[in-house]
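Next up: the structures, one after another.
Same chain, two partners: chain A is paired with chain B first, then with chain C.
Entry: the complex of A and B
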């Protein structure tokens, strides 16, 4: 009973995703392995941005600086790897640390100044944007070839026939591993509980002995880490660094909402928003395939969001009455 | 546990003081608790009880004095540290995270599961599952769970704040039994409650606070209630100097139906069965300790909340409010206890007073500037509102802000005014202006329901008074007989001469 209630939203989203995949196949009969692969690769930065937003929103905050942090991570990686100046492995490590640091700075400012999350991260949106442009004035830099290959093509496992695993995009596997490595241990730790606790009821959390300030900083820090992964994925797939932040901020909030995470904090998981990212990407792809006017596309995307959240709310009310 | 001589108390707080800006909340509060002792901490509304509790539990830092546990000075920065030092509180609002399940909540506070389960059994909640979500459990269950969690950490001193308030009778019995056993095992308990019956049954001693200072320590023995009430009230009792003025107003009440008749009203967990009548031109006082259902009563009458049971009649006609606007249309207007709930702090005095004129959509058009100006000016004049800072309401003093909240209804014209503690936190001079104003309005035929936490105001402003205890009407008396001592006794559910039918209240 409880697991159905908890997972109802995800089951609904998966059904929606399946429906959209079928629709795609109908619209474009030769949609197959390569279509799936490019969809997954395009969704990668959006998925990391959504993951970053999820953890902050669950902790009761919101981070408007995610896209800017991604830009900083992207240009830093591109500059470091340009011409093979720094080994790619080291670059990845440095950029991930940089992301966590940027997040920690966001969180510390919120805790120390007691200025609301939305104001601090709005300010940091501009700060990180400026930092990215200082590092790299125009799109450029480079990326190691083997890094790029990690997210291109299908999965090949030695010993298995390519037809068994080849249809799974590598980028999807990378996404799942990167998210799971952070999220699964976090959900099983007291820090994870504390993050849900401060988002749910800050006073009760304080009285239960949770260090509220430190937990909030940690949540923003993990968000920074995910944002750095998003920035890296941008550099990996394009081969260059892009100092101007992409459309990832509002997309991340959209995925969080569509993914069943309550904006007030304390409720929701990572799986829903990640599925929501794919749903939103697929909708856009289908409408493009149908050669719908791009302006109409955004109208439809917005409408889907409101309708889905409304239906979810109605179902929740009905199940409570019963 | 190390043995400490019986003479030295486990908890020793003395000379504790705390001020918030200009307001002195505590000036000399003390509390000693010996091992195995159950001490009641008592005080009327505003005596500083909750501030003292916050200091004891580490949620606030005192400005002066000291708190020692087992003879060690204790500086606690957080509830977590207070817990480690051996004092574990159970607050009135459960400190459980609504979006986590029971098991996760225990994990969060590093509470071992086995003892909690044991205590849950002991306290009579066998049906609780570890994967139940906290947000979906009823309040009574949460309070028991909170208590079980506190017991599981084997505290030296257990602080229970109104532990039995939201519980049904069978759970109350079990809780009292468990608490008594704790004391027999040598643990100490600080017990805060409004229920004399429980205190008499359970406690060894009562420490009484008044105006931020500890004014007495009494052993609990039969008949001690009188002494405690006296201590809570202090020497300030002047015999009913103001049996006065209420002339003429009520004679018509004999024939016409009353302005407001409330029958068997119940709402939420706290308000269970309240009935009374209020005539035209009557000022009806309401007296109750905190959390006895008076908040719900006022919210229902103002249309903020729908009642679960009972009826409301206005001039003999049954009404039901589904929106505050319905209540306002029926002439019911609320002046809430918290001024900030009713006022637009950044707007001018004039806009605030004029707001109800334009509350209805049909009035959304052009504002009749001159008419509005006149009515506002009248209200300001009548209330003697200090208008030097009228451009922005938040720059006015609290007393003047309160006058604005009342003034807006004077300007609109009012039939039934619901005043919820209108003199809370305002200066004496303004208070003295508000009583005649209330009488004046009543003289013009308005009916006024007047809840106050300051008992002396009943005789200063009211005709009759309803005392509510445990969500039910405990007594209705004429203001002339309602001196502070009588009211205090009634508010605590102690009877001098109770209404017939109030007997079961006292047992519950």
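Entry: the complex of A and C
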């Protein structure tokens, strides 16, 4: 029953995404390959931020420092690659490790001090923001050209005609691969099970032999890794690093909620929030295409979220009654 | 690849065709606006100047405004959405000089005119109409250091940490500081260009009782004067921007010596004018046009006259009083305050 519910939510989100795509095509008949590509590139940092938030929320926590960690990762990458000082491949590796380390620090502080997640990560929001400013005090740095080009254009598979795969944005493929490489094995591992377990019921998990503290640190560490990917995607799309965090924290929470992940922990997957990210970006695109008053735009975005989550909640209650 | 190039060619051709057709008939363009700071008086005036200028030009059918708080990556998204919307020109206040180059290039490749206002961008296919931020800080700082006799303790109230305009101003400030080796910075803070934050910071500082001889602000100015007056601390020379509230104080507050450095938000309206000129086949000789700042000190006759001329009680205190730029904007004071664009 639970799996039907979860899939139901995802099917609903996919339907909403489809509807919005049709609406976009109606608003702007020229909407096509280039529109899909800009949508997918815009979604990239938001999707990684959402993935980071998902894993922490599933583990029963919340990470308010995600956008700041993304900024640290982004400026680190931009400073390292500036003028080709460090090869891009090595930079990516170092930044990913740095992300996991930042996440592990967040998690360790929570476990060791027993201060609530929300307090620790709120404090770390400012700490990581300061670290980003220490690394780079104003937007700057650089990025290797080949790294930037990874997310530009359509997918080309040798042997297939370009028309068959060319409409799929490369940035979407990069996103799917990066998320799958981490998420799929994790979900099937003991650690993945343990993360869901501590989010669902910490005491029960502890009594069944789950190392709660270590699992929590691991969850935050994976979140840091996803945040680093988000930071890298920022540097790849802008070609520089920006020390001031972007609007990714609240957007990640929004995507998590809209994606059907229960904020209390223990339930939800990655697919829903990722689709939700695309839904939210597409709403933004449609509002721009319609040239809606920018001061009204945010109200509309917020209202859509509340309505969708409310409808979802009502459907859940009704299906439970049956 | 070949088919893609064809698509671009077709797009470029049709853009050209539409452009030519537009010239033949009455000119009606669609202009996209991209701005990444919302809720700041200066930026609001900029957007209103864009709307008013588009309206009075009579050549703009509609404005498509992407106006929100975001970073360079978000601005890339906004610019690409404006490209999708099929605008003829984009006037953008860039989040930073380099981060949005890729989207600007995509726009200009499709025949869209891109004008960056307020801050420059490094993408060579864009036109730039920018306020000279380094000179802005240098002018005010130099005046302040001279005013305190070339020596003393100065509070340095910056803008937002990590913003490129703040970084440029810091360069100008330090250039002036090097010329006055006996001036000391006793306190340096980032106001984030937020009135409430700036006021709290100066109140905290004044409470310490550390002597101060002058204050340089990055445009969060009238609340600083308020703080001195409210805390009953003797006024020291203060440098601000040409915001309506501060310009009012320069003539009304007893014993205040100060200078306003102009930083017109109306540069947005000028950007619309520049975009329209380019669309009509009259590009400027130089791709970069710098708007030089001016200093109005209430200690000189000339400055006092400019301050009197700039007085405007109808404006929001956070709005710069230089609501128009000669040769560039043609709207009236009422039109910019009304803040209505075409079709509103």
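One rule holds in what follows: the second predicted complex is superposed on the first by the 319 of 322 C-alpha atoms of A that agree within 3 Å, B and C clash if a C-alpha of one lies under 4 Å from a C-alpha of the other, contacts with A are read in each partner's own complex, and residues count from 1 in each chain.
Note that a contact is a pair of C-beta atoms (placed from the backbone, for glycine too) under 8 Å apart; a residue touches a chain by one contact, two chains touch by 3 or more.
On a predicted model such as this, the values are computed, not experimentally measured, just so you know.
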Side-by-side fit of chain B and chain C on chain A, or clash: fit
C-alpha centroid angle, chain C to chain B via chain A, nearest 10°: 120
Touching partner for A:42 - first (chain B), second (chain C), both, neither: second
Chain B versus chain C as contact partner of A:200, first or second or both or neither: first
Touching partner for A:190 - first (chain B), second (chain C), both, neither: first
First (chain B), second (chain C), both or neither touched by A:140: second
Partner chain(s) touched by A:208 [first = chain B, second = chain C, both, neither]: first
Contact breadth on chain A, by residue count: chain C or chain B: C
Per-pair minimum CA distance [chain C against chain B, superposed on A] in Å: 30
Chain B residues within the chain A interface of the complex: 59, 78-80, 83, 91, 93-100, 104-105, 107-110, 131, 133
Chain C residues within the chain A interface of the complex: 1, 3-4, 38, 62-74, 76-78, 80-86, 95-102, 160-164, 166-167
Touching residues (chain side chain A, partner chain B) in the complex: 2, 190, 193-194, 196-197, 199-201, 203-211, 266-267
Residues of chain A touching chain C in the complex: 28, 30-31, 34-35, 38, 41-42, 45, 132-133, 136-140, 148, 152, 162-163, 166, 234, 237-240, 242-247, 281, 284-285, 288-289, 291, 293-295, 297-298
